[in-house]
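The structure under discussion is supplied below as structure tokens; questions concerning it will follow.
Chain naming follows the written order as A, B, C, D, E and F, and within any one chain the residues start at number 1.
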Amino acid sequence: MGLEIMDEIKQNYVANLVASGKREDGRGFREFREISVERGVAERAEGSARVKIGDSDVLVGVKLDVGAPFPDTPNKGVIITNAELVPLASPEFESGPPREDSVQLARVVDRGIRGSEAIDLERLCIEEGEKVWIVFIDIHILDNGGNLVDAAALGAISALLNARIPFEKWGLPAPAGEGEEEEGRESSRLPIRETPVAVTTAKIEGKILVDPNVNEENAATTKLTVISNADGSLSGMQKSGSGGLKEDEVLEMVELGIEKAGEIRENFL
Amino acid sequence: MGLEIMDEIKQNYVANLVASGKREDGRGFREFREISVERGVAERAEGSARVKIGDSDVLVGVKLDVGAPFPDTPNKGVIITNAELVPLASPEFESGPPREDSVQLARVVDRGIRGSEAIDLERLCIEEGEKVWIVFIDIHILDNGGNLVDAAALGAISALLNARIPFEKWGLPAPAGEGEEEEGRESSRLPIRETPVAVTTAKIEGKILVDPNVNEENAATTKLTVISNADGSLSGMQKSGSGGLKEDEVLEMVELGIEKAGEIRENFL
Amino acid sequence: MGLEIMDEIKQNYVANLVASGKREDGRGFREFREISVERGVAERAEGSARVKIGDSDVLVGVKLDVGAPFPDTPNKGVIITNAELVPLASPEFESGPPREDSVQLARVVDRGIRGSEAIDLERLCIEEGEKVWIVFIDIHILDNGGNLVDAAALGAISALLNARIPFEKWGLPAPAGEGEEEEGRESSRLPIRETPVAVTTAKIEGKILVDPNVNEENAATTKLTVISNADGSLSGMQKSGSGGLKEDEVLEMVELGIEKAGEIRENFL
Amino acid sequence: MNEEREKEEEAVEKRELIKDGKRLDGRGFEELRPIKIEVGVLKRADGSCYFELGENKVIAAVYGPKEMHPRHAQDAKMAVVKFRYNMAPFSVDDRKRPGPDRRSVEVSKVSREAFEPVIMREFYPKAAIEVYVEILQSDAGTRTAGINAASVALADAGIPMKDLVSSVAVGKIDGQVVLDLNGTEDNHGEADMPIAMVARTNTITLLQMDGHLTAEEFGRGLKLAMGACRQIYELQRAALIERFSSSNSGSKSEKGGNKNGT
Amino acid sequence: MNEEREKEEEAVEKRELIKDGKRLDGRGFEELRPIKIEVGVLKRADGSCYFELGENKVIAAVYGPKEMHPRHAQDAKMAVVKFRYNMAPFSVDDRKRPGPDRRSVEVSKVSREAFEPVIMREFYPKAAIEVYVEILQSDAGTRTAGINAASVALADAGIPMKDLVSSVAVGKIDGQVVLDLNGTEDNHGEADMPIAMVARTNTITLLQMDGHLTAEEFGRGLKLAMGACRQIYELQRAALIERFSSSNSGSKSEKGGNKNGT
Amino acid sequence: MNEEREKEEEAVEKRELIKDGKRLDGRGFEELRPIKIEVGVLKRADGSCYFELGENKVIAAVYGPKEMHPRHAQDAKMAVVKFRYNMAPFSVDDRKRPGPDRRSVEVSKVSREAFEPVIMREFYPKAAIEVYVEILQSDAGTRTAGINAASVALADAGIPMKDLVSSVAVGKIDGQVVLDLNGTEDNHGEADMPIAMVARTNTITLLQMDGHLTAEEFGRGLKLAMGACRQIYELQRAALIERFSSSNSGSKSEKGGNKNGT
């Protein structure tokens, strides 16, 4: 747990830079690293997207299966979100049971999709109380350059937008109202009606900045992830890290999160 | 595994006291610590009881679910007993998979309830071979002051006596013959026909004493838990600890166990 | 992981012996240790066999259960092969989740049975898509004297040949075409149509030898298990160990494996 | 009780969580559920607290500072805080399988982080401070109740802290931002937002949001929650002061050690 | 065999486990099932024993004394005894999932405690003595068979013990206290009570009871079991003496080390 | 694409995996699928490689040499190689449950052993060299693709090796021994045999066989596979040389350390 000497030096260096108004990679405090989104990269998946934010590299695959609904929502499809922080992505990640970081990552992404009601789950009902579509969102981290949450959330919504319902594989009729627009009518898009975008801000030396890289994450006492929708409303939030925030800092972070989410949505969704 | 120095000193102190005919807390060898039983303390459970014996504090909740019977007993309900020795209760308890102590605790309590046929399992059959009531007895240890078994067993039978069958929640008719006595007829008591009581005796320096506290447990080479019924018959027994017992010691412990069980039954059940 | 001093000395001793054309136990390079096969040793199992090869001692039990087929093979029975390298058998085996050695052992045995289509799985179909016989092959290692794979594979096919289908226990009709030959008609043999035999060769100091004992296994850089059928064809192969093999060595090992498998088949199956 | 429940269910089906300006349990929009705090309820723990928030019943225990195991997880500069949030199987309507699930892993993590800013971890290098929270009965808000209980239990254990942490949730029901949702409100409401705060310095140490809020509603909810944290802080302090007085008269003196005020 | 089984099943349905003063397998009330003991059956183990009790077939192996891992589990004053009771998946009528379940965890614990009074653990501080029992075929009484096997295997391994431990169960069928229940009797009987005993000193080291007994029946059963343990003790001794003689003529001499008598 | 699939499925049902002397995907019997190699694709890893083999997409990362944990698993004489082969849940048609299964445990083991003969483990006593292979998309042959990727990633990480390891499978479809089965061929074929080889010395370091082959077919298949490994070796070398040139012009110079050629 104790920081290695090199980590500590890096951390101090980054913190001092921020204190003097600069960032390690020359960005402004309200500036994201370069983002790229590539959809349809995993052909065995019903939908997929690979998102890079700076050095972070995340692959999200969406698989659909047919299964039973939850007893208390018999007419709704099911979302299951899972994240694997595989050791390929970082020397800190370890094989073994999922640790709290990967649990938190998956749950925050899940929260954004649920909170915004991004998927019209009622349209994923096949037979009330019996059969619904199960949507698996699997987040596979390939490289950890910091701010995995934003990359994973952007990957998740991109992969959902990319996904088709494999109704023919299951011998099922095309979901109502969506099949028309498809050419081959072999599959149908998932009913996505909102595009939640996560934006993480960090507090370092009392300053608020967006999209922390991995060194900035180590130097940050506190992060806040803000998930917001097309109309600027909020559909999820998560503070992490062992520091505290003042009310005005929270409000600044939320405002910054909403603004940046709008830009990302415009450019990548 | 090795004992800490303080534990060893305590252990010797307690052993020497017992050798000279005394107990750390001034009790007689055949005397229980103060017992309290409070029923209905956990309102989400179908039945519950909190039992304190001296510093030991145990909460038992009974939940009922509907499920399939075991194939070899198609017309009987199912009992599942589980104990969590949560680390809240003792610095020695650890998070993680259940260890042998908690497995033994649950199995001994379970044995007493089964051996005495305390629950009329045939009356928990809803539809032969298809649907029966599953009775979950969950033992939650809050504070370990020693002799958890007796507290857990007393908690279990008290919680069972407190439990109602939530047949309306499941859209089922009231179990035959039990519904009449209820006012709202919304639920029905569990069919309890026996009240097994566990009494643990310990052997320290060749002396037999009842209801060992936590220091006495550490000093004891051997314990014997005796579970007995209203008519003085036995429905379960378990020796534990790395010592041995002579026949006359066993017989003395059994006699003491039956006597004390009668007193507890009279006062608390 | 590092070898103990005694292991290292033994290893060198064995390697030097082999280099000079000899083996620790006086065998020729193409010679197996004594083999014994005893069938029907575990009466609770539907089939069983205990195989000893030198000091290695393996018990294989076959249990049959009724269950659902895999969706992609609705008219075929299911084979599940499992190996327990219980710590009883060797100071190196440990309690806990199956490690790669036991996984490999089970998978190689399984591969031979599948590759040779030893069991006519279609005749294990009870009701297409609904009910088939599940064949559990459980390999229990009692003593590890080296070359467990060959003993386990021989035990598996022997136990399969020994097994009866417990159709009456399940209230099912006798499997077609097999029941006639049985006297009591209470059970029926498993439909076995091939007898795969595994033979393991090892490379030590550049020499190829068959059936390595436990010290030879430690001294070997590489082993090759070759599974072959009555007609001399191959139905499975597995190299293991951290060394390499030349093409001619592989061919020699395969030829040796086929030859020895023929002898074992003739004598023990 | 049953009649009450039925009425509630009916109202809920019609999506009427607010009626005549009151919530179904009779509370105003900015009103907390009844709170009950007992300090020092466990004998083995170094500090403990029982906390009721409406129908939530939770208990917290603190052990430590003690040696951190395994050794490679020690921090040479400060104590490691462990936090385990656990629900009893019978604490919820449908029995919960024993042991940690993903939700409890996350709750444990954010709860631990809610305390890291206040615990003076640097006083105890290489040590562990263990906080255990057991949910005995649940009715929405268990994590906030658990944090409130843990805060008092940490003080009871004499762990040096800059100040107490107080916690509460706000949410949105029937389009209205309200304080401290109960179970029915949480199940049928539109948003839930737990926060934790160091009341004396207005420092937010936990912040999560689930559901859907406008930015304006968020800002309003945050203020509301912060105000309620200050109320809870006073109750926590009062309970500790009472404990301190009775403790001085000897009731728990056998434990000795690094206690506040013994 | 099959006919026999059928008859048995019929009798059992009518709850007739005793007929004409005899048990279904022909035994008298106080009669043990046939016992077969082989010593030194495994080559890798430091000591081993194969034990048959009627249709029960079990094998025990002992390793040690050896270094205890992990180190923090060492006891500075004496050896730690590990005991693992395990059933082969094919040892029972319905296949058992491999690996420990709650029952085998408990059986392992009480079996270990049955040996702790006799093993001279203080001779080997910081060491581990490992006892492994595998149940190859099961017909009620496997834990007692396992303890008997382990006892002989410990002696075969040369582990210093005050004396052998012997084990047997008594039970109650058709209202009658009888010795050593078989599977059918156990399934349909009213009580089962395994004990383990140091025969020479009449010291009971394992005692469990399941089912329903009067205090009088208990006392009677205990005496009956104690007597049977003494019988088993003689068989164990005899097997070890035979092993000792043949061992002296060299059959296992390659193992050397801390053996009894080699 | 879909039409293609349908045709394929029809052909497969008739057991026609070969038509007019060509395979369904148009390849000849001894023809590899298209291969694409990218070196140094990951930033955190010490070495990495992306490898495509037809529709297989895999990525490998290497970390180390680094300190081996836990300490008791260290080898005082040489580095321990860890190899983890893992399939992404969405890499196959039916979602795979995350985490290792028995197949991936075995693949990891034989893949590790495929590298042990070439890695100069004795240079780094007590150290660990970690190789991670992630299967992003699977179409038969993932273990061979993973080994090819890992080989390049090890070189990229500057781990001293005697030479690269190259890997390919041969199989049998419609009675014909062919190179490098794709998913359809593998599902409906008669045999599959992956090998790995040190191409320069013709040393086979992995050899497995599944299915059914005559001894003659085996010998032929082995030769075919060995030849294909030599082809793959050239592609691996070429990719590394390209990487080396571009790397020298500075693109990854910030990583420094024990790299080949930086």
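Following the convention adopted for this analysis, a contact is a pair of C-beta atoms (placed from the backbone, for glycine too) under 8 Å apart; a residue touches a chain by one contact, two chains touch by 3 or more.
Given the structure is predicted, the values throughout are model-derived calculations rather than measurements.
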Intersection of the contact lists for chain C and chain F: none
Contact-graph distance - origin chain D, target chain F: 2
Chain D and chain E: spacing of chain centres that average the CA atoms, whole Å: 51
Gap in Å, rounded to a whole number, between the CA centres of chain F and chain A: 31
Mean-CA-position distance for chain D and chain C (Å): 58
Whole-Å gap separating chain A and chain C, where each centre is the average of the chain's CA atoms: 48
Of all residues in chain A, the ones touching two or more other chains: none
Chain F: positions in contact with at least two other chains: none
Chain ring listed from chain B, with chain D in second place: B, D, A, F, C, E
Residues of chain C defined as touching chain E within the complex: 41-45, 48, 55, 57, 59, 61-63, 65, 82, 84, 86-91, 95, 136, 138, 140, 142-145, 184, 186
Interfacial residue positions of chain B with respect to chain E in the complex: 1-2, 98, 100, 103-104, 106-107, 111, 114-117, 224, 232-247, 250-251, 254-255, 258
Chain D to chain B touching residues, read off their complex: 2, 42-45, 55, 57, 59-61, 63, 66, 84, 86, 88-95, 98, 100, 130, 132-134, 136-138
Touch list for chain D against partner chain A, complex: 73-77, 80, 102-103, 105-106, 108-110, 113, 116-117, 191, 193, 198, 201-215, 218-219, 222-223, 226
